[in-house]
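Following are the structures in question.
Same chain, two partners: chain A is paired with chain B first, then with chain C.
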Partner chain A sequence: MSTIAPMLLEDTKLEPKAGGFYRHQNFLTGLIVGILSGFIGWVVSLALLQGSNFGSDMVVTVTLTCWVIGFNAGMGTFNAIFRWILGHDQNHEDELYAAGVGQGWKRYWKYCTDHKVVGTQYLVLVMVLFGVGGTLAMMIRTQLLSPNSRFMSPETYNAIVSIHGMIMIIATIIMVSGPFANFIMPIMIGAKDMAFPRLNAMSFWVVVSAVPPILGSFFLGGVPAGWTTYAPLSVQAPPAMDAFAITICTFVISVTVAGINTLVTVLTMRAKGMTMGRLPIFVWGSIIAGGLGLYAMPAFLMAQSALITDRVVGTGFYVAEQGGTGWLYENTFWIMGHPEVYVILIPPVGALIEIASTFARKPVFGYKVMVAGISGIATLSIMVWAHHMFTTGWAPTLADPFMLTTELISIPTGIIFLCMVGTIWRGSIWTRLPMYFLYLFIFNFIIGGITGIYLSDVPADQYFHGNMFVTAHFHYTLLGGGLVGAMGAVCYWFPKVTSRMLNERIGKTAFWVVAIGIQITYMAQFYEGFQGMARRVANYNALFVDANRVSSAGAYILMAGMLIFMYAIIHSWRHGKKASANPWHAKSLEWMTLTPVPLENFLVDPVVTGHPYGYGEPDSKPVAPEMPVPVSANSGGSH
Partner chain B sequence: MSYEEKRDEIAEEVKPIVAHTMPFHKKAPAKVVYITIVFTIIGVLLALFLPTHMFPFSMSPEMHDAVLTFVVFTIAAAPVAALVYAIAAYSLIAWRKKGANNNEEPPEDGAPSHGSGLITSLWIGTSVVLVLFLLVWGMAELSAETAQQSNAIQVNVTGQQWMWTFSYPGTGVTTHNLILPEGRQIDFNVTSMDVTHGFWPVEMGVQIDANPNVIDHIAATTNRLGSFDVRCSQICGLYHAYMQTKGTVVTNAQFATWLASQGASSSSIQSYALSGK
Partner chain C sequence: MSITDQQMHDSHDDHGHHGHYEEGGNHHDTAQEKHRKEHMATWLFIFGDVVFFLLELFFWFYLRANNTAGMWRAANCTPANGKLGPTDEGLNTCTDGLFNPITHAIPKANPVYTIIVFALIAIAAAFVWFAEVQSRKGATKKTTHPLTALALFFVLAAIAAQFYQFQVLPFTTIQGTYASTFEFYMGSNVAHFLLALVIVTGLWSRSRLGKFDNGKWYQLHLSRLFLVWVAASCVILGLVTIFFA
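Take a look at the complex of A and B:
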């Protein structure tokens, strides 16, 4: 313990000037500068553009762009760059200040470069986004309680459907990559921090700045086109569409920055002895999802920025009268859209494999096959986008090849199932809360996967496309699979992130309510799909009323379950039992350090001597013996 | 001591894997197979008996294909799903840690196996065969559906916010309620006047987007008298939910009478209704 560098602990006193300009910046200054900057942009663009053809769209675009830039300037995103421009760098004390040393809870409101702070910030943001998206979902289900419902106007309903979709997509993309690829992943590979800590903080605060525009779209006429915002409807939509597009462009910057950061961290920052063949599956999942995001998200940026220019300066990429075509939008959108669902799904799957190994007390079944399976999914996913376009009339001759690539994905998906049940098989199953979510994932994802094969088949897709069946299918995969996996990950790493144990009594109540709610809600939607109910409709024929009532009832149950889960998190975070450093007696590196995790993560640089799944091998040690492996909650001392 | 020396020293210390003490039920694999068979039978029965209660009446071979594909794919997928569920369920029931305070400390470790090449190969091989089956099935159905038949007639479909207009080329007849003759392949030529719509004659089992300035084609053959729904399957703005109408399949004689009642001349009806023959 003598090797503890005292300056790395939180109670270190820094000299008063440390941090420079960062000292004056926090979330509040970000808000003030952002609003001010947006206001200036609004006044200037209004004065210059009043009366022109594209006036209101231009004003909204300029105002919101100014907000995003202003908010980030106010947060401190550009501080380091300006320092370099001015010819000096940040000194060590400044860096320590930026990493949040000695600032207690206030660092969570600042541009903090400590990856653990960024991870925690992401966790809270994800919960907020799911809260917003879930509330919108409840409004949708309330509207659909009966035909000819007067709960909302069709205009409001369409806007809510669109924003529910996009908020949930943003939330699910960051739900595991945000909190855990930031907080846990660097510790898992024995790194002191991410490779680019400032970019890491940037990736978070840029997402934060992306949220107000999309919520503001409700006050700008509402997005009428679903989250897919197909052109030309989106070209003709109210200025809300500009706000939507600004959100996407901003969000893509964040995902790109985060993806590069994850990749570089794993490739360059691994501890001694942490070979690529010893990386935990979750780390593999994080880098593959990060790399896939780097491929996918720029296509979204292209699609939406061309949409902005169509709307703001009349370029006509997507407007048939000007020689453009909506198929261009649909292609660029789905070139992003299909890899993106695996950007969402791969990190939770990686987390669930960690959970399977830890709670079955067994090594991962087929480590290399699993990595190959995830890589195979990622590779195939960039070649399947047109299966979303089987019925759009674009290139009917490509139906067969896209049917082939789509159906091929079921092979690596099968490998994931093999590795999961192979790990459980002959395990010694410890039925703690994370294991519950693994089981729920297996149950739901089988249903989500099998319903996908009907949609991959063109003749069957001719019936199911654009129909509630599709809605139920992707909710089974993204909610029943992805979000359930993320909830498992939250339960698994909760002790490491918050230093407290999650209350499993409340957590298990939430689990059962959520599990039942999912089945009722989406089984009823499958039934609506069989009956022939179209998606995204504010009203429906009396024929569908029973299934819709069941689905709405299920949705309320699901929401209740989610609220109980959120209560379990908040309650345990404040009052939970103190966690020991390694409550699950797991073998990967994040459990080999103290809880709470000190700045720069390890008191002694870890040397890795084996793979992280040495269960059943009595003498296997993941790390070299000179590293103190803490077992008790009190061995820390940084608080 | 250098890092490499230390690593080698540790590697020497690692003893050969000792046999774990978990009891292994010799009958476990057989039991999993039984559970799988039971689950598979349930899946197959559901696939055979549920669709008639879920899908609307089929009005065309295309719709029949969609339903048949659903049944066949469900039967093909049932054993896979059943096996995964059976392994997960059996493991949980047989090997979970039991006892009063089972949550305080972890159970002793499970079998230290890192996987099995044989099982992995079998698993991947089976999924390759299944995928090939799905693909061949889909391609065969698709090529049968897109084959041009000799008795085809043309119907022009135009979507606009928020209604459908159908016209019968050469006859000058335009309607908002689709009327079709029985036993004919209908070639729909679909376009839009404004934004993208989705032309979906539900019980005919086909769908195609209506895009502005483009004519998309989709064909379906009517093989049953009766009425069906036409809906918009692509969100198209404010009244998307209300963009629906009725379609009716009538006999050829009724169809000719109806065209005449709409003001089509008898020669144009003759040439239109015989256009494919």
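Take a look at the complex of A and C:
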């Protein structure tokens, strides 16, 4: 052991002016400047534009754009740009201030560049978004309790279905890449931070600014067009649609910035000895998903910005009467949409592989094959988009090729599945809470995956496309697979993120309630699909009432499970048992450093000497040198 | 395992350092490491922008090939062919987005303005490139500042020219998909030019402070990469509008 231990960077005393303008900025100034700027935009656009042909759409667009810009200006997103232009570059003290030194809990409300703060902020945001999306889901299921329900009007129902969908898509895109590709991934590769810490903070606060517009859509007439907002319905929709599109365009900026940051971090900032062949699978998943996002998000921007111009300045891209076509929107949307589901799914799958290896005490089965499989999925996923359009009449001759590419995806998916099962096969399994979610993922994803093959089949899709079968399939993959995987990731990394152990008794209760809730909810929806019940309808034939009641009951159970899980998180975060640095006795780098993780992650630069999965090898070396104990560690640190 | 005094010394040295740093990146980077990161990020950003650009081309050619309701340039909407006005089905095949009948083909935009716009932004990119070359040769602010000032002037001129072209177009957005896509391209040019304006303003201001002296050319290099891409995409979009109207 070392005799003189280094100081924690958190204890550094900064000059009183370090940080410059950041000192005066936080969430509150963001809100104030954002609201003020939105208000000014509203007044000015109302005065100048209201009388014109597209008046109210213009006013909404200008107002919300001003909100987004104003909020970010108030937060500090643009500080660095101005400082760069003026030549007042940040010095070391400024950077330490921006990283949150000496600000305690207040740094969580600021434009903080520490990747661990950003990761934690994302985790909280994701929970809030799931809370909102889940509440909307409960309203949907309540409406569907009876065939002619008057719980809400069909217009309200449509608006809620649309926003439930898009809120959940936003939440699932960031649910793992936000908290864990930020908090954990840089530590896993032995980096001190992300490659661009300020862009990292930007990616978070830009998503935050994107949330109010989409929620505001309820007060602007509601989005009637579903989460896919197909044109021309979305062109004719109330001004709520403008708010929706602004949210998407803003969100695209965030995901693009985050994707670039992730890729550059992994490609340039790995510790000595951390070769690409030693990267944990989760890191591979993060960069592949990040790269795929860089391909998908511009298409989302294109689809939605052309929608905005159709609505606000009268272009005719999606309006047949003006020479446009709805197919153009559908193509552009799904060029984004299919890769996007893998942007959602790959990071949780990567996290589950870490869990599988750690708790089976076995090296990952088929490491290279698995990386190839994930890359194969990503590559194929950009060639399958029109399988969402089999019933639209677009290019019937292309239906067969798209069916083929879609079915081909089941090959790399199967390989990953095989490797996942191979990793736990005959392992000496330590069944802790994260493992439960791995098993549930495997169970659910088999169902979600196989029903996907039916939908990729052109004739079968003619029957299933517009009905509840699709809804059930989609939720089995993204909720039963993706979200369950993310919950496993939360359980696995909770000790590192919060310095406390997750209460497994509450966690297991939540697990079983969620697991049962999922099966009841979506099995019933498969049954509805076989019966032929249309999806996205507020009222339905009495024939379907039993299955709908079962599904709604399942949904309430599922929501109860999710609330218990959230309670487990909040309760353990506040009162949980203090976690040791490596409670799972895992071998990847994030477990080799202290808990709470010091400001630059490692007190000594780690040198990686082995594979992160060297379980069961008698001569397997530690992946990094033992970390010295810091002077102030026993004072509890500043976490 | 223990840490040596040397390692201790290094880590204290790092943290006690009070120098000035160029923008971006982690404060422990050497110039080369920062350069490498920013280089990669610039290319990744350009990659995303290329995807958007390809979709813009897709919009143009898809709408042009489909020519839904004859409304690409409304070439068939003359009174003679009888398509004018509401048809028997109550469907007016040739109206703008506000239900006004269109009675003649939408004229093509004057290519002169398109060429002026892309020429101006290409000249701006060329000046940034020239400034980079000079800075690599060891030139000081005496050379780089005037060059970036010229680049700034041409970016501003390109923005002005693009806005002027909006004023003199022989059509509006609502008149068919040729008009729509054409104006969308102009809009994407403006977005690009504004981004270029922020960057070139920074280059101009920083070169005045001598930030690119003594071989510190890499920000000029990164800016040049982006500006060349902006100019190239603008030229390609412009040529498409000229030759495939």
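Rule of thumb we're sticking to: the second predicted complex is superposed on the first by the 614 of 639 C-alpha atoms of A that agree within 3 Å, B and C clash if a C-alpha of one lies under 4 Å from a C-alpha of the other, contacts with A are read in each partner's own complex, and residues count from 1 in each chain.
Note that contacts are C-beta pairs under 8 Å (C-beta built on N, C-alpha and C of every residue); 3 or more make two chains touch, one makes a residue touch a chain.
Predicted model only: the values in this text are computed from it and were never measured.
In this overlay on chain A, chain B fits alongside chain C without clashing. When both complexes are overlaid on chain A, the residue A:K17 reaches neither chain B nor chain C.
Of the two partner chains, neither chain B nor chain C is touched by A:R505.
Shared-chain residue A:G314: touches chain C; no touch with chain B. In the overlay built on the shared chain, the residue A:T325 is in contact with chain B and with chain C. By the touch criterion defined above, A:E95 reaches chain C but does not reach chain B. Applying the stated contact rule after C-alpha superposition, one finds that A:K106 touches neither chain B nor chain C. By the touch criterion defined above, A:W584 lies against chain B but remains apart from chain C after alignment on the C-alpha atoms of chain A. Residue contacts after overlaying the shared chain place A:T609 against chain B, while chain C stays out of touching range.
Between the C-alpha centres of chain B and chain C, as seen from that of chain A in the superposed arrangement, lies an angle of 100 degrees, given as a multiple of 10.
Number of chain A residues touched is higher for B, counting chain B against chain C. In the overlay built on the shared chain, the residue A:L267 is in contact with chain C alone; chain B does not reach it.
Shortest separation of chain B and chain C in the overlay equals 7 Å (C-alpha atoms, whole Å). Shared interface residues of chain A (contacting chain B in one complex, chain C in the other): 320-321, 325, 625. Listed in rising order, the residues of chain A touching chain C in the complex are 1-2, 4, 6, 9, 12, 53, 80-81, 83-87, 89-93, 95-96, 192-193, 195-198, 256, 259-261, 263-264, 267-269, 294-295, 297-299, 301-302, 306, 309-310, 313-317, 319-325, 328, 331-332, 335, 600, 603-604, 625-626, 628. Interface residues of chain A facing chain B in the complex, by the touch rule stated above, are 154-155, 158, 161, 224-226, 230-233, 236, 272-273, 320-321, 325-327, 360-367, 369, 391-393, 396, 399-400, 403-404, 407-408, 410-411, 414-415, 417-422, 424-432, 439, 442-443, 446, 450, 453-454, 456-460, 462-467, 504, 527, 530-532, 534-541, 584-585, 607, 609-610, 613-621, 624-625. Every residue of chain C that touches chain A in the complex is listed here, in rising order: 1-3, 7-8, 11-12, 15, 17-28, 33, 36-37, 40-41, 44-45, 47-49, 51-52, 55-56, 58-59, 62-63, 66-72, 74, 91-93, 95-98, 172-174, 176-181, 183-184, 187, 198, 201-202, 205-206, 209, 211.
Residues of chain B touching chain A in their complex: 3, 6-7, 10-11, 13-15, 17-18, 20, 22, 24, 28, 51, 54-56, 62-63, 65-66, 69-70, 73-74, 77, 80-81, 84-85, 87-88, 91-92, 95-97, 102-103, 105-116, 119-120, 123-124, 127-128, 130-131, 134-135, 137-139, 141-142, 145-146, 190, 194-196, 198, 200, 202-203, 205-209, 211-214, 216-217, 229, 231-242.
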